[in-house]
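In the two complexes that follow, chain A is the common piece, with chain B as its partner first and chain C second.
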Partner chain A sequence: MGTGRLYVAVAVGGFRRYATYRVATVAGVFTNTVFGLILVYTYLALWEERPQLGGYDQAQAVTYVWLGQALLSTLAIGGGGFEDELIERIRTGDVAIDLYRPADLQLWWLASDLGRALFQLLGRGVVPFAFGALVFDVALPSDPVTWAGFLLAVLFGMVVGFGIRYLVALSAFWLMDGTGVVQMAWLLGFFCSGMLLPLNVFPGLLGEIVRVLPWSSLLQAPADVLLGRADPLGTFAFQGVWAVALLAAGRLVQSAATRRVVQGG
Partner chain B sequence: MAEGLRAYGLIVAMWIRSTMAYRASFVMTTVGNFAATSLDFVAILLMFSRVEALGGYALPEIAFLYGLSSVAFGLADLAIGSMDRLGRRVRDGTLDTLLVRPAPVLAQVAADRFGLRRLGRVTQGALVLGYALTTVDIDWTPLKVLLMPVMLLSGAVIFCAVFVGGAAFQFVAQDASEVQNAFTYGGTTLLQYPPTVFGKELVRGVTFVLPLAFVNWLPASYVLGRPYPLDLPTWVAFSPPLVAVGCCALAGMAWRAGLKSYRSTGS
Partner chain C sequence: MTGGGFIELDRVEKVFDVRKKTGFLRWERRQVRAVDSLSFSVARGEMVGYIGPNGAGKSTTIKMLTGILTPSGGRLRVAGIDPSRERTRLAHRIGVVFGQRTTLWWDLPLIDSYKLMHRMYRIPDARYRSNLEQCVELLQLDALLDVPVRQLSLGQRMRGDIAAALLHDPEVLYLDEPTIGLDVISKARVREFLRELNTERGTTVLLTTHDLQDIEQLCSRVMVIDHGRLMYDGPLAGLHEAGESERTLVVDLERELPPIDAPAPARVVRVEGPRQWLAFPAAQSAAPLVARIAAEYPLVDLSVREPDIEAVIARMYADRATA
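Then we have the complex of A and B:
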């Protein structure tokens, strides 16, 4: 089997694994829709007070809310990606078996997480987004190129999200218990990805800082591409640089970590 | 009832002893719980860095609603928040263990894995409520002062009923535990904002169908001297205890129906 086909098979496995839990998926769709409904009204009240806040009009703000609900589980911003499983394997030592496999640890988990993310996008993302678009006034582009750009930005977001969570998971090689780090990463991600509020609403210097951090690739970047507020090519470049940097950092940490496994026997 | 409370107390005491065996871990998870629940309020503060009011309410008034909602929900979450694990117990068959023990199942499930770290949420809500009480302009009367603890307790009981009802639903749909989050976590998020922000239908729904409005919106409107949502009469501000009792009765019925329909996986 070619190397490429191996990772495709892993990704398909990741997709099918999550597709198995149909009732849980329906439950998740319901919950995302309810939260979307609550947030939409708070955003509408906010934009009622300050029209054009952060450069969005009301319809764009509403679209942003439903995008957030659609991408929350896809990009594992609220947790629920592969990291808990990898941390558990590191803690129990099962990761040693993974390292013996004729596959690269990072690529293996990347493929599996992309499969998961793709399923979550289709299974959990589409319905809340469609509900929001039908019930509220939203700002959606009619141009298919913009949609394609949006999907590409989401894909980049998936890779950046993986890069961050892979580093978080590898910390378990040193800390053994990953609970604290995972929680810190979750808090930071929620705050800095634009899940809490669009980053262009953040005041002054704080806004400028969060916009250059890697988390802004997750929700803010795809949203701005879809809403026509950002230059797609510039956005891809920004996301791409972070993706490469994070994956490279993951490689470095991985090689340091695996040396530890050998030493520890 | 007395037997159930006794069993609940014993199991909770056991879990607290077990938590306290790892003090550092307890402190860290409590701080984490505190930080995670603070995010909601950080969002509100960020909003108020750009506006003066939201839905006609200023920051201290919203902090008042936020504090009431968070403390009421936090108490319920602390008391029986682990009930959302019921679906897992049904799935892996460990609920059977609870059925053969000589203590009420509801008490056992409610006390299961009692998480003292959830004090983090209560503390966070109480701090925001404290901030609100020092800054908000309220014309205090003895009746309003009396209404405060009544409101918090009734609110906590209403949320407890939602937890029990949600757990009863998990007997039917084991994998659907996330549905419950929409009403528990979703409910407390909703109540953190003023009713004027939301659509009429939504406000009607949480007043007459799932009576979350009685946790803080209605009694707080009385305390703040604000117009009531849906033009309801003044006396409804004092009805939360009755509503809480009614919710408990309904949740109890749902729980018994759920438990009756339980079929073990046999594994």
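Then we have the complex of A and C:
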């Protein structure tokens, strides 16, 4: 009970922190909208050549693009999550301060990142998505249950995204220069989450693989729930398994890292 | 070691394994003995200064006392608790301020960090409110509560950090260089507050610094550490004697003159144009010396420089080595 209130407070703080950067938010909305436009016209050209590519019709492909823009910063697929800050704290040794507090490092950052994600969804996601839905022909469900399922899939996506980035950030305990790892992870995430192209477009074995990797929980899973192309319960189960596995791995690495810090490595 | 102290260290050691790159794929392993067979005891309610030059092992000691570093050897207890084994339990009973780091939430108003402490330490609501009120008043944080931490000056931030460390009523407060980089007024405020905290609430305070004035104004007891070893533990006056430390009188004369003829043991150590530097024992008052120079020389201006702690310790160290 008492612990719950702490992490709620941390999440609220995470939300409010990002809310203080109004100019950055407006700039982000603008960027996402422009990006979305470029991608939409690319997709439309592509779908003109190959109708029903990946099983999507044109309206679904366009919806997918705007969904991607709405979730890009929410799920920190293009960077910009908590990980830069944690890596910096590890590098400067400030992370030691976090350790003497009576709070759990992983839950703390999870709460803070969920607060951030929620702000990004509302502050940066909604406007480009609404713009896309108004200007283009999109395929949106009218059934509120589908929307609820979609939001739940996004929430799962936030946790999986956190799980991946937490592991990436913790690598800074062992690597002097974490920027290489962060950039690799960013590139991999951009590709494997379906941010460039929907994962069901990928052919053969490559397609099979990217669809079972954790990144497919981020964009592809919520998109397929919204577009009515995936069974919601099966999707939640898939995302849930990855979330639990990644959080558990994070805990293991965290305790190894903590041991290292208290020994003074 | 008699036991019974609130903070007890018995031959505590901390050795760091440092790997240094010496060439392509070649690493050299070296051991740094940051704290070396350190023993001391601090009673409840004491206010102790912990001083020493850079790299002496002060921060390492504080980190071991909070439990975020495990000693390599020896025995360490705070309130009967082994910090590195029960870090979280101890956390509720100690407060820590690191001068060069902040525990405050950078982008958010100061008050948000305090609300977080409220939850983190599960401070009862009434207790939290009265502690906050008291800290806000004594540290003059009133106008700062709604200001984002990143907009605070260093001195304001430090006061904010000290308040954050005290909301959960810790029995002991460790401060690692709390006055570093602060202006004179901020330093004075911080010192004033710490004195009150210690006398009114009876909080045990352990303060590292390399500003001797912090110690002079606050602590009846001082411990000096160098190269991880305890060089001195006792009253400040004794430190000056032990280190035979000297203060410096800087004198500006009207014109260039031969070295001032000062009564021993005071003596001129440097002359540069009309300015002269005189060294005299730190334990001795400057007044007679000043009076004499003012009477016999065309004096324009003068100032007294406190002994440099590094110099005091260096001299102590040299004494030990030759003794």
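Quick note on the criterion: the second predicted complex is superposed on the first by the 263 of 265 C-alpha atoms of A that agree within 3 Å, B and C clash if a C-alpha of one lies under 4 Å from a C-alpha of the other, contacts with A are read in each partner's own complex, and residues count from 1 in each chain.
As a working rule, contacts are C-beta pairs under 8 Å (C-beta built on N, C-alpha and C of every residue); 3 or more make two chains touch, one makes a residue touch a chain.
A quick note: this is a predicted structure, and the numbers were derived from the prediction, not measured.
K.L.:
Have a look at where A:99 lands relative to chain B and chain C in the superposition and call it first, second, both or neither.
P.N.:
In the superposition, A:99 touches chain C alone.
K.L.:
After superposing on the shared chain, does chain C or chain B touch more chain A residues?
P.N.:
Result: the larger residue contact count on chain A belongs to B.
K.L.:
Answer with first, second, both or neither: which of chain B and chain C does A:16 touch in the superposed model?
P.N.:
second
K.L.:
Enumerate the residues of chain A that count as touching chain B in its complex and touching chain C in the other.
P.N.:
21
K.L.:
If we count contacts the way the header does, which residues on chain B are in touch with chain A in the complex?
P.N.:
28-29, 32, 35-36, 39, 42-43, 46-47, 49-55, 173-179, 181-183, 186, 189-190, 193, 196-199, 202
K.L.:
How about chain A: which of its residues touch chain C in the complex?
P.N.:
2, 5-6, 9-10, 13, 16-17, 20-21, 92, 94, 96-97, 99-103, 261-265
K.L.:
Write out the stretch or stretches of chain A touching chain B in their complex.
P.N.:
Within the complex, chain A touches chain B at residues 21, 23-24, 26-28, 30-31, 34-35, 37-38, 41-42, 44-46, 49-50, 53, 179-180, 183-184, 186-187, 190-191, 196-197, 201-203.
K.L.:
Using the touch definition up top, name the residues of chain C that touch chain A in the complex.
P.N.:
Listed in rising order, the residues of chain C that touch chain A are 14, 16-17, 60, 63, 66-70, 84, 87-88, 91-92, 96, 98, 101, 103, 105, 107-108, 112, 115-116, 119-122, 148.
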